[in-house]
Amino acid sequence: MEKKPSHVRTVIAYIVLIILTFLCLFFFYILIINASRHHSEIQKGFSFLPGTAFVRNLKNVLKDANIPVVSGIKNSLIVSSLSAAIATYFSALTAYGLYAYNFKLKKPAFIFIMLILVMPTQVSALGFINLITKMKMLNTLYPLFLPSIAAPAVFYFMYSYMQSSLPIELVEAARIDGCGEFRTFNRIVLPIMKPAMAVQAIFAFVSSWNNFFIPALVISDNSKKTLPILIASLRSADFLKFDMGKVYMLITIAIVPIIIVYIALSKYIVAGVALGGVKE
Amino acid sequence: MDKGKKIKDVSYAKYGYFFIAPFFIAFLIFQLIPLGQTIYYSFFEYYRSGLKIIGPNPVGFANYQALVESGFLKYAGNTIIMWLIGFVPQIIVSLILAAWFTDVRLRIKGKQFFKVVIYMPNLIMASAFAMLFFALFSDNGPVNSTLISLGILHQPFRFLSTVWGTRGLVGLMNFLMWFGNTTILLMAAVMGINPALFEAAELDGCSPRQTFFKITLPMIRPILVYVLITSMIGGLQMFDVPQILTNAQGSPNRSTMTLIMFLNNHLYSKNYGMAGAVSVILFIVCAILCLLVYFTLNADDGMSHGKKKKKARRA
Amino acid sequence: MKKTLKALLSLALMVAMVFALAACGGGGEEGGEEGGEEAAAEGQVLNIWCWNDEFQSRFNKYYPGVAEVAEDKSTTTLTDGTIVKWTINPNQGSNYQDKLDEALLKQADAAPDEKIDIFLIEADYALKYVDSEYTEDVKALGLTDADLADQYQYTKDIVTDSNGVLKGTSWQATPGLFAYRRSIAKDVLGTDDPDEVQAALSDWDKFNAVAEQAHAKGYKMLSGYDDSYRTFSNNVSAPWVTGTEVTVDPNIMKWVEQTKEFTDKEYNNKTSLWAPEWAADQGPEGKVFGFFYSTWGINFTLLGNSLADPEGPQEVGNGIFGDYAVCYGPQSFFWGGTWICAATGTDNPTLVCDIMRQLTCNPEIMKEITLNEQDYTNTVSAMTEIGADPEFKSDFLGGQNHIALFVEAAQKIDMSNISPYDQGCNENIQAAFKDYFDGQVDMDTAKANFETKIKEIYPEITAVNWPE
């Protein structure tokens, strides 16, 4: 009796999932196809079939001394991992501070963070650059990850997650056991927050990985450029060297590390980590 | 009891300050001054003519006045329409997927695979994504040639030359880029629910639909509100997709010009006065909307988590 | 052994450099010092800012003073020990200009070796920098009228400020021509001879008449909306902006009129520059009569697009290689080009002057660049020489000596009517009227949209005037 509707549900689920999977993976497919095609083939339009220029494009990207791919990957990895780590840890810390403690400025602090969450940032970019220049941090990687300490969106997610998944009794229990406050946070709260941290770490990593605007304003040295800047450099090549095959190849190369990081972190999402602390 | 709690709160309060200190210090160092300048300069005439700096000359509310006379409302309308085109399917699909993925009774082979795949479009840079969209939907691209060979169209549909074609593509691209993100957030929220609740529901003979509406939805409400608010902010600040897809023009006929694209036009001559005014207005609108949504949906939740949680858990 | 040889060689080069630099000193205010020792007393670091590696590769290959190029190309060491530091910021999202502007505004406070010495610009925004205090008078640096005499006038017009002072110089000229398909010309006009085709296309009325004939035979005259734009916009009667008012030139409106007519009568394919359909129209499947292209575009982009097998040999039989020919078309125009400017406050004025002299005025180096890189260089004499060479021909253009046409075309270009607003005006008028050609808006709305956009991006503009 119960079986039939569930069967129908399974079939529908499969159909929807297969369509969505197709839509999602299709773009990777064309990306790789284009990375294997010759510049003028790409210019003339679309193809479902791979070209013959894969090795050629790869060689062209790797031998271009002005496009330091390896250091680009290294810089992107440094900036993105630190951004992700810093954003998640400090946001969880801040969220916990506002969630678990009662103090006078609690409500104003919360509302303040919510307000800066909605502030559009485009305009302040140049002010930010001026500031960085005065702090002698122009052309360094620090301004690309240090500001992540104050990530209002990540904070808000952590806070919401605590609301739905972190019973305050747990904290109280830890206190009774004589656990210090920072120890409680690091040893008890963080493990519970693991899925939330993994999720936000992925998001922070990806958005930092693909960020062009601010890094491009901060970094000028070739050896410090991140991948999106290198891709933009290829795209502003002069007409004799402009090569879409190279552009797509570099985009493809740039996507490989992020896929690896994503799959590594996604096990926390995929496996449905048991939420130790919540089992009452 | 109440008295006891109060004493405890007082003794622990300083930790609250410790914990939130790094956030506020980093904010003060890196963001406060530029943010303050944004607001401050919105009351000035301050731009560059070539390399010549004009201003800052105080002009009172002149920039705001100019905004009222500009097409500001039209761009706000464009922004909201394009956000809805992407967001409505996004939240529906994400809720369904989150429910499916976390439903132990629904046996789908390769569930893990699907969970991983849905987020993948977000890994592609928006600019690269837009390049692929161009190729796909161009006049002789695969979408048009498929539609023609199926006999649905007789001549290519020029997607990016029509209002709804362009808006539709912006919505579609936003949907594809963000539905995985939303699904993951909601999944994380569902996984945070005490599994005992689902077990109990199953024992009580709840249908998947009942479980979803009676247990899942109420339990993930904070995250759902989070998704709604951040999507709304993201939507009102929509920029990169229409910017790249229409080559910064908001074409056709400025019908895909979003508020931030409008703001960005003013940044061409570093017009901090006008751009600042757009920011401030946008900020006020966003803030009102967000606080409204937050306190309506979290009315009885808000900041007083402790007691509420106990009730929810007992329920 | 090898090392000694290298050392000797660089010593020899150094001596040569000292002489070259000594030649540069005279006449300039900053370049007042004489000889090599003083030159060494100038800054140790020469900062060059650009948006791609085009100038860098020319510099490393052709500047006589180059001693060593770093492995990552980020610096080039000169024989006198000066280090050339390359700062390359991509164009995307106006990143290059944003950073350049910030750096120039802080130039006065920067440490000597961090000051920008040379930066590169393009024609559309040249006056923004040229007509400012942030660029040096190249003659004050030491370039003489004799040095500059061999350059095309239009390349000098573009970097001349409102007081008539020359503020930059270029190694390229990029005159444009109309590249047409020989086979289609034969079918439509009964001839593929460049002179006869030119006679049939020598003004816009004739051009439009041929468009009609081509359409009757099942061809398109042009591929897209913006193909002919430069041909009109380079021949305006006044600058875009005078005072604080934009005046749309009648010639721009002629472009609007022609393009609307071509679109409605299906004489074009409704494409845009660089769109996939546009590139495909230039290939073997294309049915388009011709394309307005300049030097680099013909030798490289058009050639690449014409091949059926891009990796196959570049010879007749591969796609439509050999089926194109060039003629002047109805009006002269240019497309592209890069200019070198000296930043005010440079601490290496003598070296900057020498770089400009060697890389933009030295006919020997210019000719070498043309022969090796297919750049059409900014030297009337050397180009005229190649143009007159009966041996020189392009297989791609069916044996035509296209350089001969470029020589003529380049001299007819008149760019005295540029303004600092050209980039914004040219980009946005095309964008605004694209909707009109597409049938999405009427003429008045297109005009209004242009006005709105211009006033947004240039707050100082108070009015936009339309002809009639």
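Letters are used for the chains, namely A, B and C, taken in the order the chains are written, and counting of residues starts over at 1 for each.
The criterion applied here is as follows: contacts are C-beta pairs under 8 Å (C-beta built on N, C-alpha and C of every residue); 3 or more make two chains touch, one makes a residue touch a chain.
Only a predicted model underlies this, so the values are computations on that prediction, with no experimental measurement involved.
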In graph terms, nodes being chains and edges touches, is this line, ring, star, complete or other?
complete
Check: interface with higher C-beta contact count, A-B vs B-C, is A-B
Between chain A and chain C, what is the separation of their C-alpha centroids in Å?
40
How many Å are there between the centre of chain A and the centre of chain B, using C-alpha atoms for each centre?
15
Separation of chain B from chain C, taking each centre as the mean of its C-alpha atoms, in whole Å:
42
Provide the list of chain B residues touching at least two other chains, using ranges where the numbers run on.
127, 135, 138, 140-141
Would you pick out the residues of chain C that each touch at least 2 other chains?
92, 276-277, 280
Among all residues of chain A, which ones touch two or more of the remaining chains?
45-46, 126, 212
Touching chain C in the complex: which residues of chain B?
45, 47-54, 70-71, 127, 134-135, 138-141, 158, 161-163, 247, 249, 251-254, 262, 265-266, 268-269, 271, 273-274
Which residues of chain C touch chain A once you look at their complex with the stated criterion?
51-54, 56, 71-74, 86-93, 95-96, 98-99, 102, 106, 274, 276-277, 279-280, 283, 296-297, 300-301, 304-305, 307, 310-311, 336, 338, 373-374
Tell me, which parts of chain C touch chain B in their complex?
92, 94, 101, 104-105, 127-129, 131-132, 134, 270-271, 275-277, 280, 420, 424, 428, 431, 434-435, 438, 440-441, 445, 449, 452-453, 456-460
Per the touch rule above, chain B residues touching chain A in the complex are 9, 12-20, 22-27, 30-31, 33-35, 37-38, 93, 96-97, 100, 102, 105-108, 112-129, 132, 135-136, 138, 140-142, 176, 179-181, 184-185, 187-189, 191-196, 208, 219-223, 225-226, 229-230, 233, 237, 239, 260, 263-264, 267, 270, 272, 275-276, 278-279, 282-283, 286-287, 290-291, 294, 301, 303, 305-306, 309-310, 313
Applying the document's contact rule, which stretches of chain A touch chain C when the two form their complex?
38-41, 43-46, 52-53, 56, 65-66, 68, 126, 129, 133, 212-213, 216-217, 220-223, 229, 232-233, 235-241
